[in-house]
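Structure first, commentary second.
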């Protein structure tokens, strides 16, 4: 059994880790920390876990995290980098769901996250946790930087086109829509039910923290600098993310050829579903599961390809992906404990 | 492996059966019928099942239902009673999610459902599928009438008080609120998003079909005629049911004593959670799981007990409960394939 | 023109006052205070008011409230009582949307609101602002305590029965459901979209602040002590309130007679709509309007009357009602500026 | 007073016309037709109108539409064209909210709407009802083809850029999100609460009927053939539309210059609000009002302009715009009866 610790278990990625890990056949939940809720049974905060998770929150100081095999950080940016070194020294693997180990470009990190990076050496060895694009590195990693939710959809959606070199990589557009849970479980006016409900808006159009991470990765794929317009929107639903991606073909490829690029790349992927050409995937078709679905369109047979990508932002976009990484890091079948069927309706 | 057939797989209880049964370790999905969608892959209608359910709908005429071990009817009232005899004759067990085998009082059935009952003899042998109150009969049954969603909450909520004989059974009140999925997957104006969204209303206050079923069962518990005001309401959420029950004490019992009645009755029940006295259970704490939660209140220490009951109307209120019955009918552990952790948020 | 000041304009009752008053033909919006947002144009916080309200928030210290004809307090409990005396002395009328002037029983106020009452003498002269039940007093008042949202529905719903003396007033039940905006525009986890959405729960079952206010008023009507079980619930909609009231008849009245009690009492009321016997009013039929609708039921012709009451909690339940009071206090037609047609869908 | 008839008053654009027209100071509602609901009081179908609209639906055959001054068609495509000639002959003006008089290109109409056009001569004289771009023609028109909801946002959003000739008009992208009421009040599975709620999806990516109308108009502005990728999405909210438009600059214009293009064009428009550069308009800031708001962005100061446009799809996107046209056609101030303040929250 893998002994698992979770730092910061009171947010949405934390409770989603608990939902997934509490039925994972190879995991023993060992410690969940929260400075503020020290001593409170986890199931008192999240009654959905009554009878299923018997741990109490413990103070980060007392939690015996070094006795775990792996620790997940479901914390704000900056926490994991402060604690990773000690854990690694004790032989504990680290999976950070925040941004501390996502960006290899430290300047970009410091610019966008407005804090110095505490351990550039560890960053260098960290693996980026987007399994489908980085599986081998993750298997061997001690530290994983779990991708952002938006970047997961943008990378998996653009990858086949970029790797094939058939689009103009300097003018990509990603029009992305997220459910409100992506904003986290923080007391804020903007995400109140009466503010975010029955309402739709863009935000961060002039710059969002998921942009540099995505640019870094897409540029790797394109083997050159990529230009990307990224427009996130807040959607009145709890879970779910829908990214609508636009790219212009620079090489003539017919529709069957486009479809084949995707089917070939994701042929053996258990969590990426390439739907028939011209499909309209719904976010709910992935709800509470680790699936991500993709469909291609080519309006009027012109030179613009439209790629539709859906996932559950808390699962494939966060906690499920993190568990997928854990499975690889411990030599398990990648799908272990992750085969939830999406909840519909 | 239990070979399972589903008649009428295109509604919400049908797709929920598929979600649950597709990961049930002892089940082999064998046939799913829909006259209208004959030949269509199930996953084309419900993309959430892509890669997880590979069956296609078949016409009821051709589906080899008699080769199944058990057939679930997720159909309108009247269908199961027409087909049950033939299936039973072939040794197939029957679980009906509609009302055909719920009411022992045939007159009441014919009055409320406005159709003659096709097989009164089978009705007599049918077991009412509310496991916690009828477990032994279900184990031995060939036919189970799965309870309605509202009746499940009302019976489990009132049972400890009625069986203890401490309340006035002639004046019970059940103020119940259901998510919209309870109305089914039928094209109707009243349940459109733009009609049912951001809106709340009562319906059927002067009479709802779940009333006679509940009265029959509560009267059995009370060993006498019960009086019940039942007010159903439509709530702008997809899944979830919250019943607020009111009863007046006729015997002095203190709060600890009330709580003990519930804890004793449900002590060993895997799917009934008695929360601490004075709790406020949320519907989402049961979302997509087979759990039902109960909490007791006694305002101002007066003679009125308020019982709060929550469940997912599609799981414990329908398809999950049906699978719980199936497990018992086939000698399996009752929880097999039903230990989903509720999805929160 | 009536010069109007609003203290505390950043919450939902504040912005709703602004929506209503900005098109009121007899009102000149003169001052809106917010200590925190001093200097910020109101329309920067609420873009719905761009081009319609040109005021900026001003600090309470500098706002020339004493130059107004009337000041609305859309503030937390305790603020109005601290400022009322000075305003009244300057000849300014006061309408408080919080609880400072609702309860005549000072002990009850201090018990439920956990603060001493600052001006018992003013409380004595304050009129309770439920127009349909207290119109004459409001016309002459200098101070109005605007009713709570729940109490408005409970009082207008029970009044005809209580005044006619046909029910058992010692065992009333009010099962009430509110939209989330009733909780205000405060940053809190419990009312986040991802917490309150797709979810239903009771709260405050063991005691809610709207109980003593309601008991005081119902007891007046009943000319004797009333017993009331009041169960508030949080509903996943933004606006709207639905109260389901239960009472037992002590005198034989037939359905037509019951209906007549309501139609007679509310015959000339512009904002109370008695629907046909057996109707199911929807909250959205009052959305963004000052209407309150009532319908009666009598299940199985027994001795229990079920009264369904709907309103928009922010309008008839708060800001609309306050403007209705203002109209009366200044000798205007009661409906001036309040004839918005409900927004459906 | 203008005598108004409405053909097809049972859908959302119909009830929205009733909401607006019932308080319009110059309108006398004269006839509302529905073959199916002949004789039913309008307020029985829409209780929001109780006491405000006293008409009953009448059969189209009996409704004395020729006695009206203007008739609105809130009907499916094809109805207005069948009845317009007779009405015009009787001196009645016609405003069609469907597509019969939107497209000047008859081939395009017949291709996209799959029906022959019944009166090409009338089409030729019809004015396209997008007031801000076609005011003078509307003033003189006997027939108005009211624009589609999506086309309204796309035209008003792209117009300043196209007219200034500063963008590449051959590669425009419009990523549009609509509330569910845009799909109308038809009984359909796809727009049930339990299907469209908590869910997000694109639809019609390979071709939507609003495309040819938009192309025709944008090409006029650009004085040349325009290329447009138009991706509509269904959003889990009742009302509201958010269009995110992308265009590439071909001429260097700085941000102030871009902003000035919009502010100049819409300086005197009562229903178009150009927000400060870099704003993020919310759909709810226009809810239940005739306002449309626009904001500009230019990510990373590159060559892509992002234009955000919001409106209420049922008001500026449909019925409000139609009343705005009526006002012009009858020489009234354009804003008469249309100055509703948006409902927030």
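Just so it is clear, A, B, C and D label the chains in written order, and each chain counts residues from 1 on its own.
Methods note: a contact is a pair of C-beta atoms (placed from the backbone, for glycine too) under 8 Å apart; a residue touches a chain by one contact, two chains touch by 3 or more.
Model, not experiment: these values are computed from the prediction.
Graph distance from chain A to chain D, where chains that touch are one step apart, equals 1. Residue numbering at the chain C/chain D interface overlaps substantially, since over half of the positions present are found in both copies. Matching residue numbers shows that B-C is the pair in B-C, A-B or A-C whose interface repeats A-D, with more than half of the contact pairs in common.
If you average the CA atoms of chain C and of chain D, the two centres end up 36 Å from each other. Centroid to centroid, with C-alpha atoms defining each point, chain B and chain C lie 39 Å apart.
Separating the centre of chain B from that of chain D, both taken as means of CA atoms, is a distance of 45 Å. Residue numbers of chain D whose C-beta contacts span two or more other chains: 12, 179, 181, 185, 194-195, 197-198, 236-239, 281-282, 284, 287, 345.
Contact residues of chain C toward chain A in the complex are 12, 179-181, 183, 185-189, 191-198, 236-238. Residue ranges of chain B in contact with chain A, taken from their complex: 12, 15, 19, 22-23, 46-52, 181, 185, 197-198, 238-239, 273, 275, 281-282, 284-289, 293, 314, 339-345. Residues 171, 173, 175, 177, 179, 194-195, 197-203, 205-207, 227, 229-231, 233, 235-240, 242, 244, 246, 248, 278, 280-284, 287, 297-300, 302, 304, 306, 308, 310, 345 of chain D touch chain A in their complex.
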